[in-house]
Amino acid sequence: MDCFVGIDLGSTTTKAVIVDANGRIVGRGITNSRSNYDVAAQVARNEAFTNARFDMLGQALRHEAGIGESGAAFELALTAGYRHECFLGQLARLEDHCRRDLDSDRYTGDRRAMGHALEVIMDGIRKDAAAVYGGGAAARSDFFRDLAGASYIEHAAHVAREGGPAFDRLVGLFDRNIIPVENEQETRTFAQLLMAALDRVSDVSPAQRNAASGVLRRVAAADLREVSAVGTGYGRVRLPFPKENIRSEILCHGLGAHLLFPGTRTVLDIGGQDTKAIQVDENGVVTSFQMNDRCAAGCGRYLGYIADEMNIGLHELGPLALGARRRIKINSTCTVFAGAEFRDRLAAGQAREDIVAGLHRAIILRAMSLLARSGGIRNEFTFTGGVGRNAAAVKALAEVAQDNYGSLTINIATDSIYTGAIGAATFALRGAVQGAARN
Amino acid sequence: MSLATQEAPMAAGELADLVGSATRLYEDLELKAVRDWKANDPARRAIGFLPVYVPREVIHAAGALPVGIMGGGDQIEIVRGDSYFQSYICHLPRSVIELAVSGRLGALDGFVFPSICDVIRNLSGMFKVLMAEKWVHYLDLPQNFDRASGGKFYRHEMATIANGVSALTGIEVTNERLRDSIRLYNENRRALADLQALRVQSPWLVPATEYYLLLRASYLLPPEAHTQMVRDYMRLSRTSQRHAQDNIRVMVRGAFCEQPPLGLLRTLERAGCYLVDDDFVLGARFIPEPLPEDGDPWQALIDGFLYKSLPTASKYDVNATKEAEVVQRARDVRADGVLLIAPSFCDPALLDQPMLARALDKAGIPYTSFKYAEDTGQFQVIREQAGTFADAIKLWGTK
Amino acid sequence: MTTAVKDLSQDRQKQMISAHYAKLARAREDGRKVVYTFVPGNLTELLNNLGLLPVLPEINALQSGMRGKTGDYIHIAEKAGHSEDVCTYVKADIGMLKSGNVGPTGEPLPKPDLLLLSYTGCFTFLKWFELLKREYDCPVVMLHVPYQGDGRITEPMRKYVADQLRDEVIPALEKLAGRKVDYDLLREQLKLSALAENDLVWVLESAKHRPSPIDAYFGGVYYIGPIFTSFRGTTDAVEYYQLLHGEIQQRLDDGLGPVTPEGTLQEEKYRIVVEGPPNWTSFREFWRMFYGEGAVVVASSYTKVGGLYDRGFRHDPSRPLETLADYCMGCYTNLSLPDRINLLEKYINDYAADGFLINSVKSCNSFSAGQLLILRELEKRTGRSGGFIESDLVDPRYFSAANIKNRLESYFQMVEAKRARS
């Protein structure tokens, strides 16, 4: 299969999307951007290819005799098994790095105790992982660092409490050794991982297993040919791509939004660190855009600070704000003062819900000024970015947009994190088509 | 150190009613008062003007009501205004644009933008583009304070305004009409001077917010109505049961254009400061002394501006006397200290500050400084700063 | 600034500038009087006529910016009580003064004998010289240049300026110089001004050709150097612009694009009109973001701050004071906002630009306040794409290279995508 790859190297996450020759999205991958952009791009790309093979696998399984009714459940189990395998592979590398680190002078005094503690912690993490991938617990993140880190800290705290080495010392060990692990890649092939995953799937008859392994082998062997790739995002200049294969995130984002919602004329994207207002024509070509100025005031990060200040999760902010009873006008969207402003207002006796709702509205008002600068809001209006998942922000946006621009179709792209990468992949496809036409 | 947190005296009875009506005018961003005034006679016209100073007498003599536009304060939500200005421009023009594009200035038939800084200057051009159907004039006040050159030029500038307004009202500005207007505004000058004197003498009788609300009312009411309001206020306040508190006396400088929100004034009083002099709504009393009521009325306005207007950052300081003036004024009003405040990103006020600060240092007059915006919503830091300032002066006195 | 344009004209300009600084260095021993004044509305002919030597604080600030000194200077001024919010030209100047007033040649600049405040198109000029007045014990003479609020120069405005020149400015300058203005010489000087102005306009308008032989912004700031500073009305300036004219003619004949620090631009991909001053602290980096993408600036408003000549104004020897008045009032930052929009619209059309870009600088409200309306109006009237970036004149804290590059790339790609569509 011919594959066209788009990579969006963002400041916090790196996304990869693969489209086929018909422009259909066949694979996605995401990883946290790290100090090493090349690795981040590579990891996201590999994940997208894996995802593409799973896509093929799903289709094949649906048509394969012998898998039957339980095909969907089987595919899910297989995916979880695959992820579990990848996780264990990374965990093994983490343990290996930690063990080698324990041989250093730093641990002359407590090497045995640390070694023992590490063993206990690793066992604990493996048990947690079995629960997560076995469907028993919800994964809090897709990233190894986050998943393993949370689990590690929990078990390290327990070990420390039980008289083991100090908590800080145990966490230090993790912190030092997670970085190289993130920058290393899985050594097993897709086929190897898939077969190992198959072994993890219980609840399947020998006949089914037999039928499945045939499909698996076929899919694993299928030729996924990367015809061309386009890079975008803040870190795009770091990608080892020729200049013509680098596109600005504005153009990719505009096209991506158009592909997700073909009626789109105006796009608002509120991300962690920046806000973009984009106007596109009927073909998804950007006709005008504005980005927030130097500071990150009014971006997603602002809500992050507030959540931190309140000691709650970012995802809890929206529901809290929806419970507001009074409208409070908040003028400053400065991230630096966000915490102080929040505390002041609490001290002044204002309700948490009302303040938080006011903060959401303030962010949206700031975005409105950016939209107005770019040419206003035209129908249809597509809202992307992480803040789109926040129901209170969406509500405030709908209200303000309605007040100022009348009734509109508002598209909320819940899975919009891939918008830029989808645009980039489509640019890759179009570029290749044009290139072929020229030759 | 304890932070003083006295409450400002509450107004009661008739006084409360008067303050209430001044407050309603302050909150009247839709300019209902102007609409009502115009509704009495369809031929009436109203002209908006921006800070700091325009010769209201000329507009008045042409038969129009001069209406001061001081921004939206902390009362409006800025939706469109922000889209016209970068983050490093002060706040006032955002709310003025918001007021304009939301139709709230619809009662005004024309606009005068006096020369004060580059932001207001360019705002005049923005109005010409955005409100092409209205008469918009940039009033270039002379920065040359010589009667022969600056004065002559100013005469032309005033004539342009007179002609512009006359074209809207059909009333020609004769010398007689202009003298009448000067007479009316002189009455207002005397009333405001008396109010200021009362405040210097007994600041507890004139709380900062009430003084401020009265000044703001002068930007919406016809002069004679405003004069009456000020006179009534003084009568009621003198007979009120207000008593002196253990506050320090402060003078405020730097608030001549973008205005602080009322909450900020309340905060200063609660922090233990009597405001005995300030430059809020400066255009309402830019020429404090009455002007000659006979002779050439144009020359009276010219000389008033050239030689009798108050010093402020938007006026060129020809003889480098602003330092001496701020020190003298602080002494005249017996201020214990000075608050050098300025709107964020206000070039004139902020560039003046180091000069004034140095002079106050030299004269041994305590001062402190902070920035604000018309929609500042948080006063905690200002309360602490002003409270500490007041306490320090109470404990150790002035140098 | 030497490697940017290696032509003879550039060498000539360098010689002229060094000669001027040499004169300044010797001013005390030569008994020459020094006048500090500003670029917009400068009265160079009068100063030269009386043998007075000008120093231009804005030029000092931008030179300090290019030499990487302004970060420290601004810090010094802020420590002395100046707000982070205010104009960085002023703060760079104050900081430089407090650091020994060392000029671009490495020698201290002489103190002023007079501050000539030509208040033209920038309110902050008033404050700037109020501050300098307190640092130097010398007289100030002020020329109030009225603003073209209604988009034109009226007779009372002209008379106001001419009266001030005759009755206040010239007497003050004569007193300082110890001699009277030689009006015959002044007429000669103004004739020379007009000659140089003719060539300057020819050079700037050469950008109407495709490809443009010049960059009217990054190259333009060098071309305006002599006529905006202390050389207007001198034979030096006339010869410089003749030389430059010849060189650009040669580029036209050879079909060459503009000179960049990395040689001649090979392919003109985008023709852009730019509004707003450049950033000086990262001038080269900023320039590279343009030529690296094949973008050529074909017209700019910044190159009109010290005089707007392409609408036909020339210094007129037959009425010296009135012509100086018209020159002052005609400088770009003295134009009304609607008139600025008209001018930029005309540039976009006359120079067949693909789009326009606004570099909005934090320091300069005279330029910046209202630029977002200019953006909107120009897009509406021309149908061409506008770009918007933010930086500062000389505050290195306000030049975010990654951010600006990101926007510029997005902008150029958008222009390209729109072009491909139509």
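To keep things simple, chains are lettered A, B and C as they appear, and every chain counts its residues starting from 1.
The rule is simple: contacts are C-beta pairs under 8 Å (C-beta built on N, C-alpha and C of every residue); 3 or more make two chains touch, one makes a residue touch a chain.
Computed from a predicted structure; not experimentally measured.
Engineer: Which pair wins on C-beta contacts, B-C or A-B?
Structural biologist: So, comparing the two chain pairs, more contacts are at B-C.
Engineer: If you average the Cα atoms per chain, which one ends up farthest from subunit A?
Structural biologist: B
Engineer: Closest chain to the protein CA centroid?
Structural biologist: When every chain is reduced to its C-alpha mean, the one closest to the whole-protein mean is C.
Engineer: So how far apart, in whole Å, are subunit A and subunit C when each is placed at the average of its C-alpha atoms?
Structural biologist: Distance between chain centres: 48 Å.
Engineer: Between subunit B and subunit C, what is the separation of their C-alpha centroids in Å?
Structural biologist: 36
Engineer: Return the distance between the CA-based centres of subunit A and subunit B, expressed in whole Å.
Structural biologist: 54
Engineer: If a residue has to touch 2 or more other chains to count, which residues of subunit A qualify?
Structural biologist: 293-294, 373
Engineer: Could you tell me which residues belong to subunit C and also touch two or more other chains?
Structural biologist: Within subunit C, the residues that touch at least two other chains are 372, 390.
Engineer: Would you please write down the residue numbers of subunit B that are in contact with two or more other chains?
Structural biologist: Answer for subunit B, listing residues that touch two or more other chains: 83, 86.
Engineer: Report the residues of subunit B in contact with subunit C in the complex, numbered from low to high.
Structural biologist: 83-86, 88-89, 93, 113, 115-119, 121-126, 128-130, 137-140, 142-144, 146, 148-150, 152-153, 156, 313-314, 316-318, 320, 322, 342, 344-348, 350-355, 357, 371
Engineer: Please give the residue numbers of subunit A that touch subunit C in the complex, ascending.
Structural biologist: 234, 237, 247-251, 281, 283, 285-291, 293-294, 373, 375
Engineer: Spell out the part of subunit C that touches subunit B in their complex, as residue ranges.
Structural biologist: Touch list, subunit C to subunit B: 80-83, 85-87, 90, 119, 122-124, 126-128, 130-131, 133-134, 142-144, 146-147, 149-150, 154, 156-157, 159-160, 163-164, 167-168, 336-341, 360, 362, 364-366, 368-373, 377, 390.
Engineer: Write out the stretch or stretches of subunit B touching subunit A in their complex.
Structural biologist: Contacts found on subunit B: 74, 77-83, 86-87, 373, 375-378, 380.
Engineer: List the residues on subunit C that touch subunit A in their complex, please.
Structural biologist: 372, 375-376, 379, 385-386, 388, 390, 398, 400, 402-403, 405-407, 409-410, 413-414, 417-418, 420-421
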